[in-house]
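Structures follow.
Two complexes follow with chain A in common, the first pairing it with chain B and the second with chain C.
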Partner chain A sequence: MKSEVMVGNKAVAYAVKLARANLIAAYPITPQTTIVQYLSEFVAEGELAAEFVNVEGEITAQLACLAGSIAGARAFTATSGPGLLYMHEALHGTARYRAPIVMAVANRGVRTMGPDHSDMMAQRDTGWIQLYCENNQEVLDTGVMAYRIAEDAGVRLPVSFGLDGYVLSYTAEPVEVPGQEEVDEFLPPYKTEYPVLPETFDEDIERYKRHWAKGKSIDEPFTPLAADESFSHLTMVNWGGPHDQQWRWRSHQEAMTRAKQVIKEVDEEYGRRFGRSYGGLVDEYRCEDADAALVAMGTVASTARAAVDRLRRDGKRVGLVKLRSFRPFPREEFRRIGADVDALCVLDRSISLGDEGGIVYNSVRSALYGLDERPTVMGVHLGMAGKEVRVRDIERIGERALAERGGAEPPVRWV
Partner chain B sequence: MIEIRFHGRGGQGAVTGVRVLASAMHLGGRYSQAIPQYGTERRGAPVVAFCRVDDTRIRERDLVHEPDIIVVLDPQLSRSVDVARGLKDGGLALVNHPGSYRDTGLSGNFKVATVDATKIALETLGRPITNTAILGAFARATSIVEMRHLEEALRGELPARIVESNIAAMRKAYEGVSEAVDVSKLPKRVVAVKESQEPLISYSRDVSDWRVHRPVVDRGACVGCQRCWIYCPETAISVVEGGVEVNYAYCKGCGICAEECLVGAIKMELEEE
Partner chain C sequence: MSGVTRKKMSIRDIPREEAMWPGNPACQGCAGSLAGRLVFKALGRNSVRVEVASCAPGFMNIRVPSFFSPAFEGAAAFLTGLARGYKIIGREDIVVAGLIGDGGTVDIGFQGLSAAAERNENVFFFTYDNEAYMNTGGQRSGATPYLARTATTPVSRVSRGKAEEKKNMPMILALHRVPYVATASVAYPEDLVEKVTHGKGIRGFRYMQINAPCPTGWGVEPKDSIKVARLSVESGIWPLYEIEEGHFRLTYKPRELKPVTDALKLQGRFRHLSDDELGVIQERTLGEWERLVGLDGKELY
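Presenting the complex of A and B:
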């Protein structure tokens, strides 16, 4: 297998090329820009047969991908920080349409340039699947897997994956690039079963109307047709059908729940085919006999592995739970892990201002509610607005988690 | 794990330097990592970049604070930046400097090797871009990377038309680097650190030590068109009595004025030590 030293942004571009995306629409923003530069080179050199659409902003980028996806294209976009916020409204649209678009986000702060998870956290409730990567290899592998997850008949949801801006986007390290043939076998071409094409538009509308007239129940098993109905522009056309839209949210939530299993299965299959897998929703590192476990996402998890190794060398039983899938959130996994450790210490690279603690911290805490034996849950803010995350900082956090395990929950800390 | 910190100025190629080095180390069968520290990109401003190499995949994502090796791409830099900060005992400082280890002004429990990378770069590339030359010196001084791997990595990173001249620079520096000499007995010198005391974008900041070349105006040839005044990114040029004058405290020696002058009234001359 070919191995090349490359920056995270190039790993993203390779993933998109290997996935044979048909449509790329993105607007440049630091630190995402070179993703699009590499892709435009692939297209210009004829290495990737994709439509490259130059757009005037992130909303248009997302909407161009949406239109292409509905028509049956495998679409890709990428953005970062403020660009992602500008895209926000369109993200809801894509999710409601259940369009399986894949988006890379070079995570950065908003009103700051540094790495930070605030950008993707602000899209938490748009209905996109959110995966976070800890190294450039995982970035490439996740980019390929993202399409399998997004296009799965039981899921049909857009997938975003984050790579920490600068820390991964501009850092070069060895990445193995799988062969195109192997990826083709893993990821067959995208085929939407109900494309909306200009030439058959009237026919399509009639078909949807007929289906609509049959009435529907949210308890119906999920079918591609039901996904198709989520093309919500059709209900904006007033044809007198029942206008209850709430079912869409419930159906979407059910797809999110199903996505948990699909993310795990796709990761396992990827592991069988390519020799690398990432634990599905969470990756547990040295947790077997741990008294306390750290919880981290993105590159903080990478640095935390080094810290855990140092703590273990001193006989301190600390493990790491890398949260790979933030949406859907692996509640069941945290309940299982939480029953086995005395402390969970959640490292958040973001904050929901006005509440106590980070966003991941509160999700973990909520997942553990009602357990007979609950671990002490601790919250730490670190690495925000580009603040450096050092191994020794996480070592100290680990020591503290051990010392305070089993006791009352300490106030949320800032490192 | 070996940790390396590059110090340079914007435009000298520190970022490309660490990337080529990381690629070359990986070609040698090891894991590596090249980290640029991006800030306010400004030609001539002090920059740092980092490189790690290890036998297993590197998980550390913080910057390098206690390097085993430091590489300094600019001879003037150690006057205003504490380049040896955190350098491990027994470590190595590889410095682009025309003089010997004594002239670098560095002292401490480490060794210093020098190479006149600016001269080599000017001779082979015609520009004071010292990153590739210093890599040749690095291969010789450290023995942790092979020249053939550096050359292969360079071909992957640089545009084809400048590969051969850069390889020539690298080879010249490989031959030209001095022995590494222990500097623990040399007297300590206090570095007047200018970093972080003023914002990087500050036109009230003295940048005279960023220069390799200085613009010299021939008042007789100058026609007073003020093109240089328009193009100077540092607003270091003033128009005085119809002719132009350079304020050398704020001139970083980028050469844009000489490039833009239509009558050839501005010449870039090598700074003297």
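Presenting the complex of A and C:
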């Protein structure tokens, strides 16, 4: 274990190197660019044995990772803001094949260069796991953990993790870098369970035809071949089988549900091995006896932590729930926390225009529906397009949450 | 390579092992389907195939693992990933091939294709060129020839079909300085299979564009699709050539070119052409043919 002062983008690159990703395809975009530069240096220096594809755009980056993953590679890509939007179509594709790709997103707004979460929020329904990081240490640790989660046999889903652009991507902090041997033990080299090879293709076809003819669930065993449209046509249409494509969503949703447990277990195991863990899906800070809790993601959680400390110093019982995993969404955790506090105040760094409140706010509020005693849920829009978020702004929000707790829901506010 | 004599192939040399399972739902007389069959006969079964939105899902009964790229524009990207991935697991012996329509090649797939060619990815990209978006009902593509009637270039009082020339994709890719570029026709299966077999042995980016008449979209009798393909070659509309490491070679030179009308008159999409318009096409075709004859045996770059 060594410690080094590094920017968030370098922490990402170290995570990818430690995870021994062997296929990297990416296209430069601010503020993600130096991730790719550090990685290309690692590859050029022989420190990381990987195929490095300098592609001409993000769609190609994502599809190259997807196809490489199907062939057996451990793939990585990274992007930001508009680059992530350009990748959108392919993100659905990767999710369809349930390819265990990991992607870092240096979160950037989609209307300006400034950081917020609207880039990743716009991918909410693509079927990717979404994790958000608070500091550069968490960035590195999450990058390594992401592969364990993605490749877990019960999950097999692509994982994206966000680090706020500039605030983390270009800001240096001390980061402990785990040793390669320890990481190798935690995350052994990747070998696909389901290789797609020409020599076994006839067998694959026959096996699936028999399997599906018996009326067995179409997604078991799940393989990239079974996920492919041509394969499913070949085995079902040409041989008169059923042609139900809805199973893809059902099976994907079940994997998302299983991922909740896996994210927690991987985080705990990481803590045992490396001495750092992050609470699994949510990290609760000074929530034990809290009357009100703030909900935040990414670096806003850091600012909120400082605000909570100040409020506590004044005897005001406010806590913080840092939301790490936005997808899968920790519904059960919020119901548990919601039963114990009188107010939950959600700080959103994104917006779904035309509805009331932010995207996280609405997920939190929906999770609490049906509780016998529901806390007052409040929503705040802040930090959009990199607008500065000060500790005293959040302090005021906390005070207001305390004052309005137990009452009717106030309108969503802008800070 | 220049100077290397290659064995001339006869129809008997085409591999007997079928590349397709029975049960092909393509239209009657579909030349694209035949192109796929010939290509994969020649590539053999140690290969994988990528397709994108096109008629190709209609001939997906090719007996190699096939992937339907989840993005129309992503053929070359998907091929890139497969080639790199198989390299990573030590299986560079697997031929990574795309069987892509002309729209997925010259229009929406162009950016990724150009980039994959520039990176010289180790893939074999086949375009079966039926000269429009036939799967969606025959809309114009960049590969549609001059004056052809399509669903989006109708013929009316003010419109004479497609106003622009066909995009010259083989030449565009050749100028990316990739190792191998070829044209082929389903009417010349020996030439096609010989080129595929030759290209299979080359490392790096390889491109082949196959003329694939579409009876449904071109207004051709299904029984005439091969005839139209043959007449297109014999009239100089679809020259057969290859460019290996910049060396240009016509692989078939008719003793005398037939008039383009022989090929065009069989196609409903050209039925509206006046004698003057036919004259323009004849003149342009001859001009292009003479340019290629001038290049024959020479270096393109």
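The definition used in the following text is that the second predicted complex is superposed on the first by the 372 of 415 C-alpha atoms of A that agree within 3 Å, B and C clash if a C-alpha of one lies under 4 Å from a C-alpha of the other, contacts with A are read in each partner's own complex, and residues count from 1 in each chain.
Methods note: a residue touches a chain if its C-beta (ideal position, glycine included) is under 8 Å from a C-beta of that chain, and two chains touch if they have at least 3 such contacts.
Note that the coordinates shown come from a computational prediction; the quantities given were computed from them, not determined experimentally.
*Asks:* On the A-aligned overlay, A:306 touches which partner chain: chain B = first, chain C = second, or both, or neither?
*Replies:* In the superposition, A:306 contacts chain B only.
*Asks:* Touch test for A:249: chain B only (first), chain C only (second), both, or neither?
*Replies:* neither
*Asks:* Which holds for A:135: it touches chain B only (first), chain C only (second), both, or neither?
*Replies:* A:135: touches chain B, not chain C.
*Asks:* Answer with first, second, both or neither: which of chain B and chain C does A:63 touch in the superposed model?
*Replies:* After superposition on chain A, A:63 lies in contact with chain C alone.
*Asks:* Quick one: classify A:172 as touching chain B (first), chain C (second), both or neither.
*Replies:* So A:172 only meets chain B here.
*Asks:* Where does A:414 make contact in the superposed view: on chain B (first), on chain C (second), on both, or on neither?
*Replies:* In the superposed model, A:414 contacts neither chain B nor chain C.
*Asks:* In the superposed model, does chain B or chain C contact more residues of chain A?
*Replies:* On the superposition, C touches more of the residues of chain A.
*Asks:* Let me check the overlay on chain A: which residues of chain A are in contact with chain B and also with chain C?
*Replies:* In chain A, no position sits in both the chain B and chain C interfaces.
*Asks:* Could you pull out which chain A residues touch chain B in their complex?
*Replies:* Those in contact with chain B are residues 3-5, 31, 135, 164, 166-167, 170-174, 299-300, 302-303, 305-306, 388-391.
*Asks:* Hey, which residues of chain C end up touching chain A in the complex?
*Replies:* Those in contact with chain A are residues 21, 23, 45-48, 50-51, 57, 60-61, 63-71, 73-74, 76-82, 84-89, 91, 94, 111-112, 114-115, 118-119.
*Asks:* Would you pull the chain B residues touching chain A in the complex into a rising list?
*Replies:* Contact set of chain B toward chain A: 18-19, 22-23, 26, 31-36, 38, 57-63, 65, 153.
*Asks:* Tell me, which parts of chain A touch chain C in their complex?
*Replies:* Within the complex, chain A touches chain C at residues 22-23, 25, 51, 53-57, 59-73, 75, 89-90, 92-94, 96-97, 195-199, 201-202, 204, 225, 228-231, 233-234, 238.
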